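What follows is a set of notes on a single structure, which appears directly below.
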Amino acid sequence: MTETASTGQGGGDVRLTGISKKYGSFQAVQPLDLTVQQGSFFALLGASGCGKTTTLRMIAGLEEPTTGTVLLGDRDVTGLPPYKRPVNTVFQSYALFPHLDIYENVAFGLRRRGIKSVKKQVGEMLDLVQLGDYARRKPQQLSGGQQQRVAVARALINRPQVLLLDEPLGALDLKLRRQMQLELKRIQTEVGVTFIHVTHDQEEAMTMADSIAVMSAGRVEQLGTPGDLYENPGTTFVANFLGTSNLIETEVVGRDGDAITVSGSGGCKLTLPAARCSAPTGNGRKVLVGVRPEKMAISHADDAGTIPEGRNRVPGRIAGTSFIGVSTQYVVDSAVCPRLEVYAQNIERDGRLAPGADVVLHWNPQHTFGLGADQDIAAGEEAAS
Amino acid sequence: MTATTAPPDAPPVTGGEPPRRRAFRRGRLVPYWLLLPGILWLIVFFLVPLVYQASTSVQTGSLENGFQVTWHFQTYWDALQQYYPQFLRSLLYAAVATLLCLVVGYPLAYLIAFRAGRHRNLLLVLVIAPFFTSFLIRTLAWKTILADGGPVVGFLSSAHILDITAALGWTSGHRVLATPLAVVTGLTYNFLPFMILPLYTSLERIDHRLHEAAGDLYATPWTTFRKVTFPMSLPGVVSGTLLTFIPSSGDYVNAQLLGSADTKMIGSVIQSQFLTVLDYPTAAALSFILMAVVLFVVTFYIRRAGTEELL
Amino acid sequence: MAASRWIRRHLVVIAGLVTLAYMILPNVVVMVFSFNKPTGRFNYSWNHFSLDAWKSPCGAAGLCGSLGLSLQIAVYATIAATILGTMIAFALVRYRFHGRGPVNSLIFLPMAMPEVVMAASLLTLFLNLGAQLGFWTILIAHIMFCLSFVVVAVKARVLSMDPRLEEAARDLYAGPVQTFVRVTLPIAAPGIVAGALLSFALSFDDFIITNFNAGSTVTFPMFVWGSAQRGTPVQINVVGTAMFLIAVLIVVVGQAVSSRRGKSAATS
């Protein structure tokens, strides 16, 4: 029973309070509070150097926090070395022991805790990751995807309270990465352990995680479910880093109940729901109005009359198009904002929509969000690419 | 099997500062403990002896009455005046042997790195294996190979090569043994693996596609070698030449076994002054000068080659 | 025309093989002359075939004693230098500490120093201390010059080792000692073995430093040196040939074992 005791069936959430890390004068992680619910799949998302890996390593015990505490359930583990924490890690590039075979790699943690009969558990674990036939191979004889699964098995067999994954799919090619995303999700659902997953790939985070913390420059920018973050980005960084956003500089000119009216350069009037604006909305306030490229529709200027009333409209001219199969991407220059991006489904393609054509972009005002204009409008664009 | 809620090996969680700080302080001393015995050994048996040697070199006295430090720097001057031919000869022989090692060793290193295919390991073994026979025995074998009237000398003589080398002062008469040529042959032979292995290591790292890329960009094989391969193998060339030059400059085994009184190198002089003549100050001064010259040459060379992180 | 093109194309191969022949020729001579029955005291010119020396390898007075002494010193020096050198290498790669520069120089210098200088200076130390020259002074000297080579060999291996492997071990419930024994040491082993082999070879074959600091003790290289003056027994060639063959055998067996192990692992 000892082995299950350390795995904490009573468990609980992972709570970071005021945790920060400083290397010399470089503040890698600003003091942050974070709670990860037991059994959830949590992603720390951000560009390289944003402090996400450092945060993960502080939970693992591989890095000592400068300030703050790490709690697993009610237990303070801040001062514990990694080998005394009921937490296991899947390392970037896996860190499989090259001198041990797959079986011994997976059995490593059990053996270190003095468990003698490991055969059954190791067998089950290898079956879970579908590598039962590879037990006696050396890590370097396995493909990248197989090594990745061994790394997961080696960590999971210890039934940790929390499994930490540090860019676990970074070394795989795109197709395999997609496959492994589903695989990891399946394993997580099957074993029900809390997963904390560090990644720089926003698509990966959105596919897999129940909730995501977007990090930038050692700070958590925003925390929420994937859908919430995507639909209601709280900062320009999140708006640009998660997917693509068209951000338009405007000024508030009026308010009608729940709807705010703003005016962009050229006098173009747009409306957005007050509830979706995170910035102050008094008259004369500057606001960045955002809309996702796939929410916009594009019509040729000749058809402007057929656009239903009540939709936000922006006139412009097509600067470029690129055909990508399921959709076509248009780049539209407008007086309101240069370089607006629009994705149109390829249902009925309008032959007139070629570079140089005058068009009207229109969308449901409900799909518009507002951000404070005091931020860098391009924040997160570099990081996302 | 107890149903505790904490792992069996976990100490009571204090979450406080004291245990962590103690661990940190202990951790900070670890490297010093690791270094201590080895570094102490090097200090006591490498550095301190150099100091003793420096002090011996400025002593005067005799074996019977003992030696005293008298700051007698005249010893250096006298030693240089008396033994500068051996000094210059040592540096010359070492330089020639190093150059020969480079010229002779490069093709073999290149062959093993790029052209050996599945025979690569075999060739490497053949390069290293001779090492396992004591180098003195192998050097003595050169006495047989270069023996007067032997096939090698016979060939060189009938091909009139010995006439040329004799004219250059490398050999005398119809002999190779007991001439500079024999000594340099022995030096080159003995230190060749020290040239080949670093060369091979740096050549082996070169991506084969670079050769193809150079060929694709209109470089002939020779240009490829000059502009791509050789520059990229420079770290190996630098460390190889150092590993050959340093030991050959102080060597006296080859000069003694294969040479004559006219090919005496500075190592022989130091050895006989120390072990036979028992003139310790002169021997120490000579040794000190040799050290200074070699260190100067090495530093200058490494600076020029711009690979200070090399060794 | 075709022949000259063939030569040009294979110039590197030809030159390389000529060099290889140059390197191996003396070993061949040593081997052949181990079957010689020389006329005089010196075994430099061929007389006629004989197995005498092979039948009594210890037939030359003092040879086997010196060989045993050399082996003994080489084993002790290798053990000590490997332990001390490995410790230094780990400190250099794995820790930050003050004085890294001087430590690096101190390790580099013995390799950049002509042997005769180290030999002479060590002798001045022993003379000044009034130490009795012999087994212990030789051993001290050998440990000293082998140390740096071990450091270089082990350092290279540890440097190329992913520090995440040790983190992974600690993450998987291995404490500091367990991490070292179960992960660090096995992965660093090839470097340590390489350093040890190099130490053994250097110590066993050392002549110059030993010659200065041996007093009246005679190691195998010193025995050969002495015999070059007094007369070379054929048994020297027997020992030289045997060492060569044993070394080649070890390499070949090692290669076969490692390749078979690789194969069986791949097919299991």
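When the chains are written out, they are named A, B and C in that same order, and each has its own residue count from 1.
Criterion: contacts are C-beta pairs under 8 Å (C-beta built on N, C-alpha and C of every residue); 3 or more make two chains touch, one makes a residue touch a chain.
Molecules present, by chain and UniProt name: A = Spermidine/putrescine import ATP-binding protein PotA; B, C = ABC transporter permease.
None of these values were measured; they are calculated from a predicted model.
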Dominant interface by contact count, named by its two chains: B-C
Label of the chain whose CA centroid is most distant from the centroid of chain C (ABC transporter permease): A
Between chain A and chain B (ABC transporter permease), centroid-to-centroid distance (C-alpha), Å: 57
Rounded Å distance, chain B (ABC transporter permease) centre to chain C (ABC transporter permease) centre (Cα mean): 14
Residues of chain A touching at least two other chains: 81, 84, 113
Residues on chain B (ABC transporter permease) engaged by chain C (ABC transporter permease) in the complex (per definition of touch): 30-32, 34-35, 37-39, 41-43, 45-50, 52-53, 56, 104-105, 107-108, 110-112, 115, 121, 123, 125-127, 129-145, 147, 189, 192-193, 242, 246-247, 249-253, 257, 267, 270-271, 274-275, 280, 283-284, 287-288, 290-291, 294-295, 298, 311
In the complex, chain C (ABC transporter permease) residues that touch chain B (ABC transporter permease): 11-13, 15-17, 19-20, 22-27, 29-30, 33, 44-45, 84-85, 87-88, 90-91, 94-97, 103, 106-118, 120-125, 127-128, 140-141, 143-144, 147-148, 151-152, 201, 204-205, 207-208, 211-212, 220-221, 224-225, 228, 232, 236-237, 239-241, 243-244, 246-248, 251-252, 255
Complex interface listing, chain C (ABC transporter permease) residues touching chain A: 162, 164-165, 167-175, 178-179, 182-183, 186-187, 265-266, 268
Chain A - residues contacting chain C (ABC transporter permease), complex: 60-62, 81-84, 87-89, 91-93, 95-99, 101, 108-109, 112-113, 136-138, 141, 154-155, 158
